[in-house]
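Heads up, the next two complexes both have chain A, just with different partners, chain B and then chain C.
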Partner chain A sequence: MNRALPLVILAMTILAFATMLLVVVPRAQIGSEPPAAGLRAYSPEELRGRAQYMSLGCVYCHSQQPRTPDQAPDGERGWGRPSVAADYAYDSPHLMGTMRTGPDLLNVGARLPSTAWHLTHLYRPRAIAPWSIMPSYPFLFEIKDHAAPGDTVVWLPREQRVAGKVVVARPEAMALVAYLLSLDRTYPAPASAIRDDGYSRVGGKP
Partner chain B sequence: MLTIGLFLAISFLVSLAGLTALIWAVSTDQFSFGQKQARIIFIEGEEGHLDDPTAGGGSRDLERASIDRTTAWPVSLFLGAAVVWLVIGSFFGLIASLKLHLPDWLDENAVLTFGRMRTLHLTMVIYGWLSLGGIGTATWITPRIFHSPLRSPRFATWGAIIWNAGLIAGCVAIATGWTDGEEWLEIPWQIDGLLALGGGLAVVPVLRTAFGRSVDHIYVSGWYFLAALCWFPALFIIANIPGLFVGAEQATVNWWFAHNVLGLWLTPLGLGAAYYFIPKIIGKPVYSYSLSLIGFWALALFYSQVGIHHLIGGPVPTWVVTLSVVQSVMMVVPVLAVAINQHVVVARNLWAFRASLPLRFISLGAMMYTLASVEGSLEALRSINTVTHFTQFTIAHAHLGAYGFASFILFGSIYYMMPRITGRAWPWPGLITVHFWSVLAGFAVYFVALTIGGWLQGEAMLDAGRPFAQSVILLKPYLEARSIGGAVMTLGHILLAVNVAGILARSAADARKGETA
Partner chain C sequence: MSEHPLADEAFEPYEPRRPVPLPVYWMAIALALWGAVTLWNDSTAQSSGVGQRLAEAGDMTRRHSAAGADLFAQRCATCHQADGAGVAGAVPPLQGSRFLGANPQLVVQILLHGINGPIAVGGDRFDGHMPAFGSVLDDGQIARLVTHLRATWGNGGEVDAAFVKAQRQATRERHASWNGGADLVSLDPAVGPQPAFLSAPPAPSDSVAMALARGGKAGGWACAACHGAAGEGRSGVPRLAGLPADYIAQALLAFSTGTRASDIMGPIARQLDGPERVGLGRLYATMASASRARPELDGDLARGATLALQGDDRRDVPSCFSCHGPSGFGVAPIVPAIAAQQPAYTAGRLAALGRHGKDDAGAAVMPSVAARLSDADRRAVADYLATLPPSPAIDTDTKDAR
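Right after this comes the complex of A and B.
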């Protein structure tokens, strides 16, 4: 190979070919699917919470893509049915994640529907699960002498309370919880679901 | 639909052009080469002698000295900046690692939360340390193999400055919570333009030197460098255009990009350096030069299509996942070609492996490339991926590639290049030995701990009878071991930085003396 130009052209052709296979064709296939019936767009408050989720880097420990029972017991853990492409129609950027240092969250709103639980958990994860290695997010909260009208006070176990003070959720924490509660894809999957079926058992469902 | 149509039309036109070029290349016998061309890196009388500036060996001829003078300034800038990013990036990595088993440490400010520390670590070591170091190495080697001075070195200097400015801005953005939100693509697209511009400028001198070279043959390192320097800007720009993709489509773009950063950017930069330095230091050509042709084109063809193995079992079409699994396994072909070429020449010259520290770094790096690639091919198999996906096993694997392979080769390359660039010996050669053993030992602890811990974590998560908590609890000792390994690695990086600062300070002092005399 003694010519620089053909080398560069061929190399770029191969990349263009790969791009067509991995990016362009899947986009055409996925893009032709309508959003799943039952999926609703995020509210402005939920989107603000989603921005918090991104900015704090929750995605680096929590996936949002339950797998099939043929592959893993995600369903038995309460993480939901296998997700399909149409479940993400309103997700930009996608937050599917690649780690499960913590559990999958695609259906956390259905599994843990309590605002109070999430606020306590975000403020002090080890108050709920002593084994947890999740960071606590005290900067999403405010410690006050008295709760003002409209404030949401965070429940804490007796031994973790500070005498004469209350912990109040800031708007960022409320938005983040609104987003977490919106994570609910428990409606039935569309019939023409796009997902990786590479684990379907022989003789099982197609 | 307009964008898809445009993409398809461009792909089609480029494919046609590529096909025409290939037919032309075959018909005009562009592919003829053999062991004679493998010796293009040597000059008369050099073959058969160890060339190691850290051991005082090797010859310096006038032609090479004059070529090295044209690259000295921009390459020093690239390498110096790379080492600074390495040291800072290592500290962020260490903090992130500690936070995983000390979750209540440094939690009072959002800037210090795990999600940002970890992302700053990745961004700094990939786009700072490995990318800048790789561009610097390519800029230094390319004129040497083409026996031609570097053209337009100012472009490289400006490229380095603008890239660094973009990266600093990107890191500040991530630290303050402004992110594009996708892994490997966190730097906001408004800032990405600076990196694209800096990268684009940095490519110009290498390309101009390639087109204006005074030898006919392009040595194998040159193929890797030319291709990588054209691939990366294309990848980076396409992946960062905002608003083209949503949801599951975006996930395929995300992993097409992220794996190509490894496969079509860091890997060719690292392999190109290994293909130059291993035979150059030993003084013997690679085992089978014609095999390197297969290695290169197979890498281009297969590696570019492996990205979707990051979405195995996910909400993307089965066929595209399977395609990436198959291509991941096919990667065995180029990996074996490179392994035969590079390991055989080292195995036949073990005396050189013992005598030369740069060679030890680079050759170990090449071996870890083989290991990382074989592990990657296995990890892409559905049965194994089910266990390893979503676990720390993947983190160990990523570090075997980005650290064991790419960083080790860059360490060795820096130790070879800096004395040639500055005309000075390393001020504290003993530190090189300490650096070598600390990063080797630290990384061994790191890799073994996370590989075992990650596998156990994966098995625990697959067992419905065990609560999720078990997968977290069992991991803790392995996370602690990783912090210890990472701390020892960081120590090694500081020693490298001390040595690089020392040699640059000495050469600057020389330059001042020269001016006053």
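Right after this comes the complex of A and C.
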């Protein structure tokens, strides 16, 4: 180690270069991006649901970033238009995810706007799709003999019900569903939005 | 003392200089070239992407600022004919029509809400069945269209966007079409005597279906929760209003048996019995609601219009409207309306039909056409159909009575 100083300088330069390209430049590009018109901030209830979403690890299987038609048929899957930076203005940290074991959820509130459906699905995903590999979340629910006033009873298909009992959603489940329903970026993308322009479609058109 | 040859303490070990093998240089140069070409390609893709986006924005602006005559050719000429002569016995003429000679308010109201009921024009009686353009044309477009109509076949005079906006505001509570001439004569008596409108009495099954649609079965998920209170659908969830009753009933049956796979509809449809399926079909068939569909798939609208109106012979794709009826309003009992359908649903359904090879009824006609559409074509036609006005409600009772 008779050239420690040049080595350290080189390592620092490489690190500084990477930080520049991966942190500073993107920050300068999108840091001042205003929220999209049509996007509203999360309510306290939705933020509690967002905390649930993070702690339950939903992000490991669900992305929140619909792609352009060049990259994936997300539009045809009903997952919504390609997202732009302004769509995430209130997401800190963003929950874009990297894995798509399950469907993309950035517009789940638009395509599945029913609270009752989400409660059933969270309680027992197999009640809806027998082949689903999503974990069930029974600890977000309570099984009671009778529903108290103000309780939200979870609907189950006839063959899945327990005789004489009702399944009631806990506040955590209601908050999580409120967050899921708030995921709705179906407003038009701002014309000036920073986006991925994808690949050239010359020749791709029929 | 003997001298050992290895005892040279001053010897520094060294590695002899070995040149880097030539192929490594070649590979490095090839990789660098590849990288440069990729970067260059990407930069052109970026600029051509921006160019295409600007072209699409310009296209959209042109559509929204089209002159009245262009709008008439796009939206009206299919039924009223290019010369405004109409079709004897089916579509009222615009030439010499008292409705155009009357005050501009009447024409604007007809365009905003459509007509659904008998109407007398020029001494002939027509089965009035005009779509509502209020949800697909903006105030400026309607103003230019009305100005063109009145200049060509009416008393002349200009109508501006503010007038249309005021008219829209005045009748914003109205969700159904005008009930034929009887309703319109109340707006302006100058249109002359009009046939009476006889509304069909509600069938007993309708209130049951209404309760199902709004509240779900036994506390289950309600149709309206996803498909909207007026069956207008939303992003990715299909529009149901104005689909033929039999088509809806058959789709529900297919969901319940698993012929048509859907994670969401399957468990719901399995809870329904035959009369409930039929009742829900009748309910949504008779519903009229504004279009909530907007192009959202980045499709080529001009290509979509070509496919819908003319088809594509090279790909052996017939025109959509040759089976789905003029303007895509569907043909009862089983060919669904496709106008004003949510584009994500249309495109996804076409893709699914193409893969699956059978539709709800087990027929292979539509699947074979869908299989010949490319991904870009599916998006183009879905986005084009989203720009069309919704089909007027199907009045099953009056049809049966006649």
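We take it that the second predicted complex is superposed on the first by the 199 of 206 C-alpha atoms of A that agree within 3 Å, B and C clash if a C-alpha of one lies under 4 Å from a C-alpha of the other, contacts with A are read in each partner's own complex, and residues count from 1 in each chain.
Convention: a contact is a pair of C-beta atoms (placed from the backbone, for glycine too) under 8 Å apart; a residue touches a chain by one contact, two chains touch by 3 or more.
These numbers were taken from a predicted model, which means no experiment stands behind them.
Trainee: In the overlaid three-chain picture, which partner chain does A:132 touch, first (chain B) or second (chain C), both, or neither?
Mentor: A:132 sits against chain B and chain C alike.
Trainee: Just checking: does A:57 make contact with chain B only, chain C only, both, or neither of them? Give me first, second, both or neither.
Mentor: first
Trainee: Looking at chain A, which partner touches more of its residues: chain C or chain B?
Mentor: Touching more of chain A: B.
Trainee: Touching A:169, do we find chain B (first), chain C (second), both, or neither?
Mentor: neither
Trainee: With both complexes overlaid on chain A, does A:105 touch chain B (first), chain C (second), both or neither?
Mentor: A:105 sits against neither chain B nor chain C.
Trainee: One more residue to check, A:186. First (chain B), second (chain C), both or neither?
Mentor: Second partner only, chain C.
Trainee: Tell me the contact category for A:116 with respect to chain B and chain C: first, second, both or neither.
Mentor: Second partner only.
Trainee: Check the residue A:36 against both partner chains and state whether it touches chain B (first), chain C (second), both, or neither.
Mentor: neither
Trainee: Name the contact category of A:73: first (chain B only), second (chain C only), both, or neither.
Mentor: In the superposed model, A:73 contacts both chain B and chain C.
Trainee: Once chain A of both complexes is superposed, is A:177 in touch with chain B (first), chain C (second), both, or neither?
Mentor: Neither partner.
Trainee: Which parts of chain A are touched by chain B and by chain C alike?
Mentor: 68, 73, 76-77, 129, 132, 197-199
Trainee: Once bound in the complex, which stretches of chain C touch chain A?
Mentor: 44-46, 48-50, 52-53, 57, 216, 218-222, 225-226, 234-237, 263-264, 266-267, 270-271, 294, 296-298, 300, 303, 312, 315, 343-345, 347-348, 351, 374-379
Trainee: For chain A, which residues are in contact with chain C within the complex?
Mentor: 68-69, 73, 75-81, 107, 110-117, 120, 127-129, 132, 153, 155, 157-158, 186, 188, 191, 197-202, 204-206
Trainee: For the complex, which residues does chain B have touching chain A?
Mentor: Per the touch definition, chain B meets chain A at residues 4, 7-8, 10-11, 14-15, 17-19, 21-22, 24-25, 30-31, 33, 99-101, 103-104, 107-110, 113-116, 118-119, 177-183, 207, 210-211, 216-218, 222-223, 226-227, 230-231, 234-235, 238, 245-254, 256, 260, 264, 293, 300-301, 304-305, 307-308, 310-318, 320-325, 382, 386, 389-392, 394, 461-464, 468-469, 471-473, 476, 479.
Trainee: Which residues of chain A touch chain B once you look at their complex with the stated criterion?
Mentor: Going through chain A, the ones touching chain B are 1-31, 54-61, 63, 65, 67-68, 71-73, 76-77, 82-85, 87-96, 98-103, 125-126, 129, 131-139, 194-199.
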